[in-house]
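Next, two complexes with chain A in common: one pairs it with chain B, the other with chain C.
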Partner chain A sequence: MTSRNLNFKHRVAVVGAGLTLFRSRLQETPQELAWLAARQALDEAGLTLKDIDCVVIGSAPDTFDGVHMKGEYLAEGAGGIHKPTVRVFVGGATGVFVPIAAWWHVASGLCKRVLAVAEEKMSHAAKPHPQYVFRYIWDPIVEKPLNPNLIWIFAMEMHRYMYKCNVKKEDIALVSVKNKRNACGHPSAQLCMPNITVDDVLKSEVLVWPVQLYDISPTSDGAAAVVLASEEEARRITDTPVWIKGIGWTLDTTHWTNRDLAFPEYVRRAAEMAYRMAGIDNPRKQIDVAEPYDPFDYKELHHMEGLGLARKCEAPVLTREGVTQRDGDLPINPSGGLLGVGNPIAAAGLMKVAEIFWQLRGEAGARQVKKPVYTGLAQAWGDLMQAGTVIVMGI
Partner chain B sequence: MSGVTKPLNPRGTKYERADFPVFEFPVVGKARYNYTTGEALGRFLAGLKEGKILGTYCSKCGRVFVPPRMYCSYCFREVDGWLEVRDEGVVVTAVMSYISATRARLERPVAVGVIKLDVPGRQFDDHFFPGLMHYICGAAEEDVKSMRIFGAKVKARWKPPEQRTGSITDIECFEVVRP
Partner chain C sequence: MRVGIAGVGWFGFQPEVVDYSFREMMFKAAQRAYEDAGGLDPRKDVDAFVSCQEDFWEGIAISDEFAPDPVGGAMKSVYTVAGDGLQCVGQAYMMIKSGLFDVVVVESHAKPSDIITLNDVMLFATDPISIRPLDIGNAHALAALEARAYMHKYGVTEEHLEAVVEKAHRAGAKNPRAVYASPGRSRSSSPVVADPLRDADIAKFVDAAVVVVLASDRVIRDYTDAPVWVDGAWWSTEISSLELHDWSFPVHAREAADGAYAQAKITDPAKEVGFAEVDNRYSFKELQHVEALRLAPVGAAKDLMADGAFCPGGRLPVNLSGGALAEGVPFEVHGLARLSYAVAVMRGDIKAQVDRREVAVIHSWRGVPTTTSVVVVLRT
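Then we have the complex of A and B:
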């Protein structure tokens, strides 16, 4: 696979990754969490902070941690003091946007070794509930006066998808079951549920029909980090670099009531950009393992279709046939995803990139997919169903 | 391939296990926002007060914008003018909410959805259409849960004129029109 994008100077590789535990409430401060993940990523790469030229930080709304200027605040624990440091933010899509931004730092020739850190502490927004702060993403004039709950829009998207593709809730619940079971192989996981069944999902608390409690990922605290390096540096650092082959990102309009929610156009466009760069023209055949964003179970299916890993309305069929299981032909979310490992927003997206890194290096141990894997993909999504971020990695 | 499972010993202290006090900062004040409505939405809200749903249109691409914008974000030019859309349309998606904005259980669930609004003389596909989120009334729980409500004709139920304030809530809900 050769790159068709000639507008960058350096190939870029991931050479180390680190994670904290993901839990509904952790004692550590956001800075401490960022440090724990960053330190592990540096250790894995065999580097110290002195080796790092630039730092990229990602975190979702300031309102979760309850600290303003979260990038500046996290810089302390993320190794960003006295270095060119920047924070990026595209809502829930941030986690995958962090390595994308780190990529262009290196690809441009500006920095040789970059530390990329993502952190989220949802539990700080304790009262009345962490999701209440999502209130501020709605349009203040035409939406907020209706007193919306964030789950409304996802329920509307899920229902529209079910309607257009004639999908049953039982089929969607299979995703939740798969991911919460997969999570049992992940040392950071918050929701390992080895015996969960479709029936458990369908009997869980109804929040906003068709969304029930086990259709959603939990609120979480946690951090993740990766180290990126230019080709020359990467070959010095490790014998097994994982190359970033393609990146893509797109935004759609915040006016989500004006467009069809059955298909994630924002993901399709981001994927096309990444595939063009990675030289991928048949993702279903050329991607060996993928971590699409799964804060809700239907979202994994929706995103598989947006990514071209399934045809429109085909993802539920592949799931039912077992294709997406860890030992299947196209393992999807072998980490356990957000549904199983947890959803500290930006950190959860970067956890997916770390998972592809470990899967491609054969270091996922208990959750290593069965088939040999050479090319993987991670994707995140965010804002008012509008932001898509995609990264394609290969060995 | 090594026998280990990455990440190795991820760190973090579960809150319940913390053996020293945790600092909780009480709310000491609330920042309150006073949003401006802007050119387009300002006129939209004024229209609602008069019982009209107003939109803008772009003659270049043919899009009709409800909620209205003062610019066409696709052609990136100023819109060509205003039009009144019907206060009725069809349900493109609907859900049944059992929780409030604060995630408390509601005593009675409410139906909400997206309504694709009718514009005289114009047709829109599913990819871009004038549409609003609002409450849906006159539908049974089962109509929503079974998706029978999809495609149903609905019409705005307005508050009495003297109670309208120039808000999206001047429309109480979109009511299912029985044939």
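Then we have the complex of A and C:
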């Protein structure tokens, strides 16, 4: 890698965020969902569409919404008409990648105010279940003929992590319990379960052992949006901008069968890139609150370790000790995460960025973590257990 | 901070590449681009990779999974833009200008020959509520409606379209990768597909891959002695609702061009631009895009075309390569095909009939039913 100049001309801030309800079936069209989130983010920033120079859209497979060239289709709903509009895509990791791409729109000096919108409508997808879309994500020659199911490979990953780190299902279930309880403070949440217990998780339907129903996030419809601005604009818009301090992302090889399933090396490298930019050398101490990607309960643990928020195999211990609770020393997924708020793929990742924005501004209401927070992190994961996207924000 | 092109590589441009998978095509194009960039090592020298592709073209959901390995990007910063390759150049331009990246690789590939139901795939891009239920039999009919609106408003006749087709095939005959170039092809004797468009007005699809290496002015001399600078890159989306867009004029191309010219400090494009490579996947689109890019007054391109102004050796040659009519449309590679040809002309690798090769403007559009254009200004 060539040397990198970290003295940017333009600092970039988040100045507003918006979120629709996350539900298994919403009546609005994808365009309408995108606009609901976009308008809320604009309202929060006190801006209108006229103030927006550029638009960045994020959405996962076109097959969910059932529209080819989904970015073109979503442009109108995302406020992107008669503007430079682009759709970026890194599978499930897209949600956190949208503000990363929006960052360079502003940092390049070419756009001053950027609207970043993520949308997903899974209820449109293949019947009987959106899961069927994942039949077409495999190598068309080597893997597709086997007709694998996405949960199978994550069951393998979960199993491997449990074996390598000697973790019990009970320990992993604690993540699901925490996040589904946390979600009760979130107005968009799909799966608020205030009284859920470890026992409920362990007794839920087995999907692909060891993955059970409550180990996994639901399928959802929803949209999220944030507004980014240059330093000069941000100071004009708000007294409390939240700065983007670091961005990072990595894509591992397509050949997932050769991966170390117990540790997400690609997340570690993505985090390293973001930390270098943000000047963070001890994430466990310097990150106050984090929203790692939790489509499965074991993934929160996996990602905490990849992000350096816990040592290898230490995340289950921190979870058991209550460190990751909202009132703990390192609150993890205070929003309720994907397990609680829901998982409209790209929108879920951007929901995490919005949560860190609200937490750092002290505007998270019932979800506000107890300790004072200055630096937060959001992360998403996607493709064939392959992509890691990380954003570090601070006040 | 100036951004330049350090290397380009292409592979394919055949109606059907049978011996290579799309991943092997990406690899070959990348290998050639890296060789062109002074033997650049993608594992060491590249900060990020951008792939321009669309799931439905690939027949793979989450097709970005397949982006990293063939270009040498595994375990590095790779992402996908669901857009034309020129939009990836625009993203790379921004990334480098931000200061965080010095070398960014842009890739796009296409294998339309793999698709059995191409027309159905194209119609899947229409609005599922307002347009798709109309069950349009042929996606080219949408372009025909635009052609009719444009021709009616500006007095363009089928003879003018004939001139565009003839020029494309003549120019393409000198372009070794223009597999569809056929000088002397008669438009008037080709069958009508959707009136007023005849078969000869519509570009065929082609399999191809193109890779471009972009670098900051800080490091570009490490890779090339003859950088071609990207001095402007901008794009615009007009509107998603087909029924509401301007059928007679590509407003998106005008907006993209104005943005790119402003960055490149070009105030009179018709005088300052030496040559242009624009989208001509339908013959009338070349006239529209020439006007949208301010290379001719609106409504005047047809007469200037007839006078030979845009021919090779003319006042402002447009599509010296023959464009998509001669080379074919390799889906999202199309913008990179235009760009890579222009870079070769500007560097003198291709001996083209053009007097001024210092400034070129490149344009791409994504075909019906999209309303997004990207415009890039190149300087030597």
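Here is the rule we use: the second predicted complex is superposed on the first by the 387 of 395 C-alpha atoms of A that agree within 3 Å, B and C clash if a C-alpha of one lies under 4 Å from a C-alpha of the other, contacts with A are read in each partner's own complex, and residues count from 1 in each chain.
Criterion: a contact is a pair of C-beta atoms (placed from the backbone, for glycine too) under 8 Å apart; a residue touches a chain by one contact, two chains touch by 3 or more.
Computed from a predicted structure; not experimentally measured.
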Problem set entry | chain B versus chain C as contact partner of A:Q31, first or second or both or neither | second
For this session: Give one of first, second, both or neither to describe whether A:P140 is in contact with chain B, with chain C, with both, or with none.
Result: both
For this session: Based on the superposed arrangement, let me know which partner A:G337 touches: chain B (first), chain C (second), both, or neither?
Result: neither
Exercise. Touch check for A:G91: first (chain B), second (chain C), both, or neither?
Worked result: second
Exercise. First (chain B), second (chain C), both or neither: which does A:H255 touch?
Worked result: both
Exercise. Which holds for A:T63: it touches chain B only (first), chain C only (second), both, or neither?
Worked result: second
For this session: Could you tell me if A:G80 is touching chain B, chain C, both of them or neither one (first, second, both, neither)?
Result: second
Problem set entry | First (chain B), second (chain C), both or neither touched by A:S188 | first
For this session: For A:P218, select first, second, both or neither according to whether it touches chain B, chain C, the two together, or no partner.
Result: neither
For this session: For chain A, give the residues common to its interface with chain B and its interface with chain C.
Result: 66, 139-141, 253, 255
Exercise. Hey, which residues of chain B end up touching chain A in the complex?
Worked result: 1-18, 22, 24-25, 27, 33, 35, 37-38, 41, 44-45, 65-67, 69, 73, 92-104, 109, 112-114, 126-135, 144-145, 147, 150, 167-169
Seminar exercise, completed: As the complex stands, chain A meets chain B at residues 17-28, 33, 36, 40, 44, 66, 123, 126-129, 131-132, 135, 139-143, 145-149, 151-152, 155-157, 159-160, 162-163, 185-188, 206-211, 221-222, 253, 255, 257-262, 354, 358, 362-368
For this session: Name, in rising order, each residue of chain A that touches chain C in their complex.
Result: 1-10, 29, 31, 60-63, 66-77, 80-91, 97, 101, 103-105, 107-110, 133-134, 136-137, 139-141, 247-255, 265-266, 269, 273, 277, 382-384, 386
Exercise. If you look only at chain C, which of its residues touch chain A in the complex?
Worked result: 21, 44-47, 54-56, 59-62, 64-69, 73-83, 87, 90-91, 93-95, 97-103, 121-122, 124-125, 127-129, 218-219, 234-241, 251, 255-256, 259, 263, 366, 369-372
